[in-house]
Structures are given as structure tokens and as C-alpha cells.
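Both complexes below contain subunit A, partnered by subunit B and then by subunit C.
On to the complex of A and B.
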């Protein structure tokens, strides 16, 4: 099946990108591999026939947020000797894996307890802009307004934080 | 089908936790948080596809908005701390310690 092959390819790419994020020492390389993860997740959303979220993932996550992070990393001009010394990084990583594996096996056990539904065929309009927009502006109107308030708070906070003049010593 | 997607989501979430607890670079920690948000988004979309209702899509959009707000604020704080200390180490940023 074509969809299974695509799923395996996108899943492998996203896991590889995530591993690159936590293994690369320089944050620029980590951000590049996180972009790989974001784009392959967008492909997975397209496989799940979530058209609007697919587009939003590409534009908002892989486009806006990641370019903001890359811009800040380039703006700070991080050299190799600016990076924190992480000598015992692989030791910490081994310890972290030892902590994570019980949690992960617990979560996977929960997932396996769920009923595995067959692949159903959804209608042509599933996940389109119009359908999601109708739900967003009817059932989810109050959370939508609260999110707009949150974005306003973030805007004001970012201006207050980053626009502050440095005190003269 | 649903199990594969959910297990992928669990794996991505655990990799994000690993990045947060093992790395000391503040950018890597921040991007690991973004990775965890993405894993949660994937779970939302999968359940929305299984139940054939689009509420999960709306929730994923909310998570994206929260991630954008978080990115703006966190990067502003990182710029301030870098100006203040000149370092990117999370161990250095213990300003609130009493």
C-alpha cells in the first residue's frame, strides 16, 4: 500500500530529525533537524486528511516559528566556544533514556489497550477550511477569543522584554 | 493504523523530554519543548481522524497559537539573558535563586 510506505518514510524522517535535535551540539544544526521533523509531521497530517492543519503546520510551524528561532540563533552569532560545555552529555543521555523507558513503555501499553479501528473513508470535506472554520466559530468561539487575548499578552510581553533599554553601569 | 501513529507520537514526546532533561543549551531545550507540542498535536489529529470529528483540528490550531506566543516570549527572554550573562548555559540562568 502506498499510504503505509509514506507513513513509514515520514515517521522515520521525523524520528531521525528529533534525534538530531537532541544529539547535535550546535543549536543551528538542531534547528535544521527540527525543521525536518516539522515537515515530515506535515506529511503525516496530509496522510490523516487534515488539510488545513497540513497547511498551517507548513506555514506557521516550519515557516514562522522555526524561521524566528533560526533568526535569533543567527542574530546572537553563536560560536563554538560560546556553547555550554557538555562533557558528560552522553552519560546524561544514557541516564535520561533509563528514566524515559519506563514512561514510554507505560504510554505504549496504554496505546495498545485502545481499540484499533479500521481505516475508514471520510468525506471530501473532512479537514477543509470551511468545515474546520464552522466548528471553530460555532463551538469553539470562546476559546478562540481567549487565544486572541493570549496572543495580545505575548505581543505586549515581547515588546516590554526585548525593547527594554540596557541600564548604564 | 491508529496504533502506529500514536506510538510515533509517544516516541516524539519522549525524545522531547530527553532533550529537555539532558541538554544544557537553552535553544535546544526550547526546541525540545516545541517538539513535545508537535507530538501532542499529532495525537490530536489522529484521534480526530479516528472519531471523524474535527474538534481535534481546532485544538491543534489552538496549540499552534500557544506555541507561537511561547516562542515570542521565550526568545525575548533568551535575548535578555544572553545580553545580561553572555552565555547560553541553562545552569547560568539561576537568577531567581534565593
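On to the complex of A and C.
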């Protein structure tokens, strides 16, 4: 019961945050609504007893990445007359909702049509740091290493790009 | 859920919410008197209620009342008033929340049930602290940005860059610590530190990870925006930085948030590196076993300590010139009587412990109280270190700050991870 109330609250907040992101004119307001979405997504992960993902979402997405985005917005020093005029945005929103409604109702129908299954909290530390780590480093070691190589490539690429611009100057 | 369960939940939530708030007063007092001590002056000691100055604690109340009744104004040039008001709330809320996972006593066993003594019983522990500490930078960014003030923007930018770059060495120094402890749960970490190394050294994080301790403490100072890392405020360069436009209670909330953050990060440093609530050489089992001897020793020791403390009060609380019927001597006598009354109450409680059956609920509660006192004493000592550093070191220049973070702390933290994992693997 308590978990259901929390679920509805987090789901509503995440949708509202996403709407705020596209509807607010000022980028700072948009970024703040995105933070709301990120935090409520973390809450949804916590309800799924995925504790590690919950904290990672908070640290990485809601914490580090969003503060970098705010940092950039602050750097740009955007004034009100720099912003584009978006008069038809509520019209676009209404159009988008009209398009989505049939798909959403179809999805709800599918979910309702699923066979009933017991919904219980998975025990034995499911989703904890230790359990995820063991699975990651035992069963999924190779994919994990490949992903980290990919990140390394991105990192070096960022350093090279940042260095190149300085050479041109 | 029995009545006891609900009571214990209320106790632990109240503790982790109100103790940081009470420590604001203690921190501010320590900061001012400490500043006076380091600069060879008295510090604030004149504000008094009916002649009672409480060693300068009354000054805090005076300042609180002053800030509360000041005009709370928002200048006209501030367009985003919502963010302007939201910013101090974020800073304060994040500071209080980050203390919530710190255990302040070992798991209390009462009538077959065990109660975790931390505000939010969460087993992600230190990761929660990292997440919430990262959030508090939003408050500073928003405050700087919504002030629509060049000093404010500069302060916010500096603070954001600083927190982002110091979170990396902080996280990396934690990694080597996690390798040693094998857990992220702060309760388990504190229990681990109750063991003894070679049978006679307490197995504290400071002993096992001295390099990690140094890196973590430096990063924690930077995370709290305390001198030598208070470039976000930098009153000699950018006036007051991010809170230059704030007045009255909104400024006070920033101010209190800074001290709560200092308390929370001291508590985290204590829990990670200095054994948390553990009394050295006496872990929880030993304490429960030896409750009566410990209570007896305390009964003898407390009056002796109090005797010398009373002498100190009497010596330091006199007027510096000849006065008839010196009011300060009268004041000192009242304080000494109050403290002796407190000691008498504690002695009676200890006597009750001595007379009770050992191993019962009373013993467990006694042990928990002892551990809470140990925890608070350790945290107070760590806060003193913060104040000590603040009034000793000058502020860094901005490029020095970034150089220290990226070129010194980051490679050291990485080196520490390699050494630690090599040693842990070698020891099996």
C-alpha cells in the first residue's frame, strides 16, 4: 500500500519533470525539472529494490552530470532576449499527447492482459552492491571490460578534442 | 510493530535530525572561541542573560535573534525568485540528510529484537553520503546564478568546479577503504573497526589507510567549502560569493547549512577512519561483558575530572581587575554547582547500573549510551580540527586548488588503490 503510493508519486513527478523540461522556456528551469525527473527515477529504482542502481542514479545522473549541465548553463549567461520565441509549444504538446494516447492505451491493455504473477520483494540482498558486483565480475566479465574500453576511448577522444582546439589558437 | 519498535524508530530519527541542529550552536561557539584562541584574543564573551554568559554561548542566541528579526528582502533585479529562495533550503536539507546514514551506536539488542542505530537504516551507506553531498552543490549554483550578480556567479562557478573536481579523489580514496573493509555499509565498517590489529592496535581506518585518510580529509574540507578551500565565498576577492545577495534568515539558513555539513562530514570521517562509535580496545561484546567495571571506573573518574574542571572554571572566570563582589566569581560558582548537580545525577544512574543484573536490557542501553557519548566526543574533536585548519591556513589560489586536486590527490588516490589491492590480495 505504502509502496503503491510512493510509486504513483514518483511516477507522476518524473512525468511532470519531463514535461517541465520541454515546456519551460528558460534552460535553467528545464535543467531543474530534469533533476526532478532523475531523482524520481532513482526512487522508482529503489522501489524495485535495485539499491545499487538507485545510488548510482543519484550520484552519476542526478549529481555529477546534471551539475555539469547547470555549470554550462551558468557559463553561457543566457538573457531573456536570447531565448527563441516558442508560441506554438502548447499546441505541439496537445498534438503529441493526441498521438501518444492510442499507443499508451494499447500498452496498458497489454500489461493488463499479462498473466497474473505474484509480486514480492526479491530477498537475499538482491540488487545490493555485493550481489551486483559478483554477477558483474563473474558472469558478465567480458562485456563489462568491453564497455569500460568503450568509455576509455570516449575519454581519450574528449582529451584529444579539447587539446586540439588549444593548438589552433 | 510493537510500541517499543515505534519508540526506537522515533528515537533514532530524532537523534539524526536534531543532534546536527544542536551541534550548529556548539560549532559556531567553537569556531568563534577557537578563532579567538588561535589569534590570541578572547572571542565573543560579553553577551549575557542576567549576567550569565555561558562562556560565550549566549552570543549565539543573540545572533540568532538578530538574524530572525532582520528585514528579509529580495532585491528587484532578482528575476528567478523561486530558485533564489530554494537555494538555501537545498543546502540545508542536503546537509541534514547526509548525516542520516551515520551509525551513532552499535545495533541495540532489546528483548530479542535488534535495532539499528542510524537515521535511515540503509545498507548503501557511504554511497548515500556521496550522492547527497553532490546535491548540495545545486544549492550553491542556484544561489550564485539566481542572485544575478557578478560576484554571485563567480562564487557559484568556483564552487561547482571545485566540488566536481574534489569528488573524484574523494571517491577514489573511498575505493581503497572499501577494499579493506569489504563493505559499503557504515554499520559494518564501524563493527570492523572494533577489532584489534596484532592484538593491541585498534583496527581503525586511520591505521590501515593513512594515505586514504589524508586524501579523504582534504577532499571533505573542499566539499564543505571550508578554508583553505572557501573560494566560493572568498570575501577578500568576491565579497561573499554565492550568498552576497542574501539577508536575514535566508543567509542564516546558508550559515547553518555550512555547519551542519561540517558536522556531517566530521561524523563520516570518524565513522570511516576513527572507529565510529567504538571505544578503543573495548568493542561492543567486551563492553557488555565489562559493563559493571566500566561503570565503577566512571563513578570514580567523573568526580576527579569534575574537580579539576571546576578549578579551571574558577580560575578562568574572574575579572581581570580588582572588583568588589566580583559578579564573575558568583557566575562561576553557579556554573560549578550546576555541573556538580549533573555529575550527581550521572553517578546515581551509574549506581543503578551497578546494582542491576548484568547482561540485561539496562546493560545494553548503558553500552549504547556510552557509545553515543564516544561518538559525539570524537565528532567534536574532528570539528575542532576543521576549526584549527580554518584559522591556521590561508586560502588557496584558484589554480593551486585545481592543481592540488588533479595533479596531487588524484594520482595519489590511484596509487593508494593499487597498493591496497596488492596488499589485500597478498594477505589472501
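Everything that follows uses one rule, which is that the second predicted complex is superposed on the first by the 155 of 169 C-alpha atoms of A that agree within 3 Å, B and C clash if a C-alpha of one lies under 4 Å from a C-alpha of the other, contacts with A are read in each partner's own complex, and residues count from 1 in each chain.
By our rule, a contact is a pair of C-beta atoms (placed from the backbone, for glycine too) under 8 Å apart; a residue touches a chain by one contact, two chains touch by 3 or more.
Keep in mind that what you see is a predicted model, and the values were worked out from it rather than measured.
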item: Touch count on subunit A, higher of subunit B and subunit C; value: B
item: Which superposed partner A:107 touches (first subunit B, second subunit C, both, neither); value: first
item: Partner chain in contact with A:43 - subunit B first, subunit C second, else both or neither; value: neither
item: First (subunit B), second (subunit C), both or neither touched by A:32; value: second
item: Touching partner for A:52 - first (subunit B), second (subunit C), both, neither; value: both
item: First (subunit B), second (subunit C), both or neither touched by A:61; value: first
item: Touching partner for A:129 - first (subunit B), second (subunit C), both, neither; value: second
item: Shared contact residues on subunit A - subunit B and subunit C; value: 52, 56, 64, 68, 73, 75
item: Residues on subunit B engaged by subunit A in the complex (per definition of touch); value: 1-8, 10-19, 21-25, 27-28, 30-32, 34-35, 38, 41-42, 45-46, 48-50, 52, 54-55, 57-58, 60-62, 64-73, 75-80, 82-83, 86-92
item: Contact footprint of subunit A on subunit C as seen in their complex; value: 79-80, 83, 122-124, 127-128, 130-132, 134-135, 137-138, 141-142, 144-145, 153, 156-157, 160-161, 163-164, 167, 183-184
item: Subunit B-touching residues of subunit A, taken from the complex the two chains share; value: 7, 11, 14-15, 18-19, 21-22, 25, 27, 30-31, 34, 37-38, 41, 44-45, 48-50, 52-53, 56-57, 60-61, 64-65, 68-69, 72-73, 75-76, 78, 82-86, 89, 92-93, 95-97, 99-100, 103-104, 107-108, 111-112, 114, 116-120, 122, 126-127, 131-132, 135-136, 139-140, 143-144, 147, 150-151, 153-155, 157-158, 161-162, 164, 166
item: Touching residues (chain side subunit A, partner subunit C) in the complex; value: 26, 28-29, 32, 35, 51-52, 54-56, 58-59, 62-64, 66-68, 70-71, 73-75, 77, 80, 128-130
